[in-house]
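By letter and in written order, the chains are A, B, C and D; residue numbering begins at 1 in each of them.
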C-alpha cells in the first residue's frame, strides 16, 4: 500500500502494447498507483523514450525483472510477458507474496500436456496451473473474489466465448456445429518487428493465418466444454485486418430449435444482467469494432437464418483493452472486492 | 470495327469504379478501342475532370445514354450501371444489334421472381433473362463462345464459386454444410457517397453487413445448385475491410470423406487446368488479397481439419478486376473467340 | 446547476464529430453534467442510434434547437455547429443568459468584413464579435476567467499558433518569412458525406487542398499580427492524410539570429511553464500525431539548420480534442475558474 | 541478346520493393527478357516463395551475386541494392562488360567527400562517380543515349527536381528561398523490418523524420546548383504517410516577378513538351498521389499567392515506379535509343 492507501502495482512487460495500455488505463484508477514499470530488454531507460506519448505523464525509468525487488515495491503484478516467460516468473512472484494477474497465456490451460502441444514450451508447474483462476469476468467472475492469482483470457477467446457461452449453456446451439471466423487488428501481434507486421505488407491487404492451428483454440474449447458438459471441438480461423485495434469474432452454429433474434437478445441480456461491459445489441443489429475502441466493452449481436437453421453471432472487443489490459484490471477489481468498473469508465473513442 | 480492325467498345457507367477500371484495363488490349465513354450523370464533361489520373491518357468527353447513338459508335457495350438501370437499357442495346457484357447484376438470376425478391426492382423481360449467359469464365466459359450477351458475375460470387465448385462437383463437400464468411474492400460499394463509406467511419474499423440478406446469395445458390444437382442453401456473411480493393471469401464445409490438402490441391489444379487466372496454392498455403491486387487472378488455398472433418477454403480476388472489369473483358475475349488472356496480362501490384 | 451542484451543459451539434467528442470527454468531468444533446437534423431520435458506441452510456433523445428551451435545461452551451449557424444562434443563447463556448468559427475574426471575405456568409453582429474572447488557452487563457462567451480556436490555428507564438513574441523569427505546411486527418472535414471523404478516394492517397485559400488563414494571421505588433502574412497549405485523427503543422521561418534547438526548447518551456497541455520535446526530437491521439496535448519540437538559417517547427494535436472539444472544455474550465485540467486527464491512446 | 532478339536483363536486389517492381514492369516490355533475379540473402529459393503474387508468372530461383556469372546470363543489370553494396559491385559489373542502371544512390553525387559525409560509407572509386550519368530523364535525358552506366535518381529528388527545374532555369524563383516539404509512403523505407515500419506505429499516425539530414539533400542541391549556375541550398523535410506508395513534394519559393499560375503552366508545359511522363495540370489544380499510383507519371500543379509573392508547387510520383523501377526502365530505353515509353504504358491504378 502507498501512504495514501493505494494498492501498489508493477507491470512486467511495460514496453509491449499490453503493458503500455495498462499504464494508460491505470492513470485513472482511483485505488491503484503504478510503482514499477519493468522491462527485461530496456531496463534503465526512461519509459517515455520508447513511448513519447507518455512524456510528462509517466516519468519513470524501466526496472529490471527481479522477483524480490518487485515484492519490495509492489503489492500486485501484471505480467504482460511473452508466453514461456511467465511460466517461470509467475511462481517466483507468487512465492514472494505478490498478487498476480498474468496476461501471457501460460496459465490458461489446465492440462499441461495440451499446453505443450499448442505452445511448444514446457508447461509451468502443475500446482500453479491448478491455482490459476481463468479470469473471464462475465462468466467466471465470482471465482475471482479474494484469490491471489488470475490468468487473464486471450483476446480471441474473450470475444468468442462471450459470444457463445449463453446460447451454449441454454442448449440453443449444437455443440458440434461451431465455426469461428475471427479477425484481428495488427496490435494483437505485439510490438516485435517482423515482415508480417511491416506496414507495406499489411496495409491494403487482408490475410488469414494459423487456420485451425492457433493456440487460442484449446483455450476456447476448454471453456466451451466446461459450459456444455461435453467435449466441444471448434473450427477456428484467424485473419489480420489492416487496422491497429479491434477484434471481431463472427460465429456460426446450428440452432437446436427455433429461436428468434429477439429471444436471443433476451437470453443474452438476462445472462449478462448486471455486467456493464457486455452490451447486447437490439435484434438484427450487429456491432462494428470501432464502436468499442479504446474501451472495455464487448458488444454482441445476432442474425438468425430460417433458411438454414443457423445463427450468426457477431462479437467485438478492443483487443488491447477487453482482450488484455482492461480485463486484467477488471479482474484485479474482482480479486480485491472492488466494483468491477473501478478505473475502467472509458467511453469508446469514436471516430 | 475501327479502320485498323479493332472492335469498338462503349462503356456505360464510365464514372463508376467498374467503368473506370474497364478504361484502365482496355488501354492494353490489342484488339479493342474505346470509342465512347458514357455517363448519364456527367454527360458532356471531359472524363479526366472526375478522374484526373486519366489526364493525357483518355481525352474524351462523356456521352449520354442513347442506344441508337451507341450503336453508331460501338460494336460492343459494357454496361457497368446500377442494378435496375441495365434491366431497361440492355434490351435496347441488344435490339440495336450490339454485343453486351452486363456488369449490373440484373441478368444473373434466371428466375425473375427471385430477382424481384432480392433486388426489390421489377425483373427484366423473361426472354433476356434466358438469353443471358452467366459468365463465370472458369466454370461456364465454353458457353460464351459466339454469344451476344453475357451477364458478368458478381464480385462475391466469383471469389466464392471458384473456391467451391470443384469440391462440390467432385462430391467431396456436403452441400448442406456450406458457410461463407466473405470480406470486401470498400470500392465494392461503388463511388456513390454515403455515411457508410465515409473514411472516418471505415478506417480503423471492421464491420459486418447484410448478414444472410445480400443479393449475391441467390446468385451463389443458383450455381451451386446447378453443380450439385440438388438445391443448395448457404449461410453468407459480408464484411467491410478498411482497404480499397480486394475480396476474401473464407468458406467452411464438411468433408464427405478423408481428403488431404494435397488431394484438394490436385483436384482443383486438374479442374482449372488450362485456365491461367485461377492459381491453386501449395498445400497448407492460403492467399492474401494483396497477392492478386490490380490483376485478374483468383488465388485459392485450403486447410483441412481432421479434428472436425471440415475443410476451410480461402479464395481471393481483386473485386474490381476479376470481380468486375477484368472478368468482363475475359468474357468478351471468350465471346469473340480470342485467347482468354488477351489484354489481361497484368502482374499483381505488390506491395 | 443540477441538484448535486454540477453545471448543466447542452451540446448543439451533437451528431457531428466535435459534438460527439464533447460527449465522450464530458463523461469524466466531475463538475459538469450533460442535460441536453441537440441536433437540428435528427431531433427526437436516441443519440445511440447514429452513434452505437454510446449504447448504455448516453441514453438520451436528441433535442431540437430552441434557445428558450435550452436555457431551461442548461447553464452552458457548446455550439459545435457549421459556420453560419452559430452566427445566428449564439446571440440568442447569450441573450437567454447562457454561457457559450462556440466551436463554429463564426466569432473568431474580429473584423466582420474579413469574415465575410473568407467565410462567404454574412458576419454575426459586431457587438458579439467584440464580446467573444478568442480562447487559445495557453496564449490568451487569462482573458477567459469569468467571461460568458468564448470563441474556440480552429484546429489548424491551434496547432500552428502554439508552435509559432513564443518564437515570434521573442523576436527570434522573421515575421515575413513564415510558411506553414499543415496536414490533417479526415475527421476534420466533419461527418457530412461527399466524394472528398469517400474511403476509396482518401485511402492510399495524399492530397493538398485550399492552398492559400483556407478560412483559417485570417485567424492565424490575426493572432500572429497581435503577437508581433506588425501585420503578419503567411503562406499556408493544408493536406489530407489517410488517417482519422491528428494534425501536424510543419512550420518554416527564418531565424533573426543564431538560436540553437536547445535555446528554442528553453524559450518554449519557459513560455508554456505551468500549462500542462503543451509538451515541448527534447532538442532534436519532433513529435508524431499518434503521440497525442485522444488527448488534449499539443506537442512541439524543433530542428534548426545552420546551412539556411531557418528553423523548422513541428506541432501536433488531436484535431477533435485539442483542436475542438478538448480545448472547448479547457476554456469552460478557465471561464469557471476551475483548474484547467479538470476532466481532461486523458492519456494519449497508443498505439 | 536472347534468341528472339531481346535484351537480357538481370536484377540484383530482386527481393526488395524496387527489385520486385522492376519484375512487374518488365513483364510488359517487348524488348527485354529477365534472365536472372538475384538476391544475396535468399539465393536458391524460388522468388514466388517470398512474393506469392508472382506465382505462375516468374518461375525462377534466385541467383547469388557473382559478376562473372551475371555477365554470362545478362546484357544489362539493374542494381536495386542497399547503399554501400553498389559502390563495390557496380565497378565489377561494368568491367565485365555489362550495362548498368544503378538504383542505390551510391553514384549520384559527383563529389566523393560529400557522399561520405551524407551516406557514412566510403565513396565508390572516383572514375565511376564521373562515369555515371545522372538519369533524371526529363532534364538530362539526352545524356543517356548510348552510355553504359546510369545512376538512377532518388525518389524524393525525382518528384522535387521535376517540380523545381523549369522555374529555376527560367529565373522565376529565388534560388535561396526554396523550402521543400516532402511526404512519402512507407514502401520508400524498403522491405527491411524495424519498429519504424511496424503497422501499428505507422497506421493512423503521421510523422516527420531526418529533418534537414536526409541523404537526398545533396542530390537535390547538386542538380539545382547545376541548373541555377550558383550554389543552391534548400530546407528539406521528409514525412511518413500511412500509405504504401506515393510521394508528394510540396515546394515553396519566392517569385522573382509576377508570374500567374497560367504562365507557370505554360512554362512547364513548354519545358516538358514531348516528355509524356510529366503531366502539368491546369492552372489552380494540384495533383494527389493516387492519381499516378502504379504508373510512371510525375504530375505537377501550382498555386501562386499575390499576398506573399510566393509560389507553392505540388509534385507527385509513385515512389517505386517513377521514383525507382519505372525511371530505371525509362533510362534503359534512353540508353538503348528506344522510345522512352517502351514497356511503361501503365495507366495509374485508381482507386
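As a convention for this text, a contact is a pair of C-beta atoms (placed from the backbone, for glycine too) under 8 Å apart; a residue touches a chain by one contact, two chains touch by 3 or more.
Keep in mind it's a predicted model, so treat the numbers as computed, not measured.
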Partner chains that chain B and chain C have in common: A, D
Farthest-lying chain, centroid of Cα atoms versus that of chain A: D
Euclidean distance of C-alpha centroids - chain A vs chain C, Å: 36
Between chain D and chain A, distance of the C-alpha-averaged centres to the nearest whole Å: 46
Interchain centroid distance [CA atoms averaged], chain C/chain D, Å: 39
Sites on chain A at which at least two other chains make contact: 17, 185, 187, 200, 203-204, 242-245, 288, 290, 293, 351
Touching residues on chain A, where the partner in the complex is chain C: 17, 20, 23-24, 27-28, 51-57, 187, 203-204, 244-245, 276, 279, 281, 285, 287-288, 290-295, 299, 345, 347-351
Contacting residues of chain A [partner chain B, same complex]: 179, 181, 183, 185, 200-201, 203-208, 211-212, 233-235, 237, 239, 241-246, 248, 250, 252, 286, 288-290, 293, 303, 305, 307-308, 310, 312, 314, 316, 351
Contact set on chain C toward chain B in their complex: 17, 185-187, 191, 193-195, 197-200, 202-204, 242-244
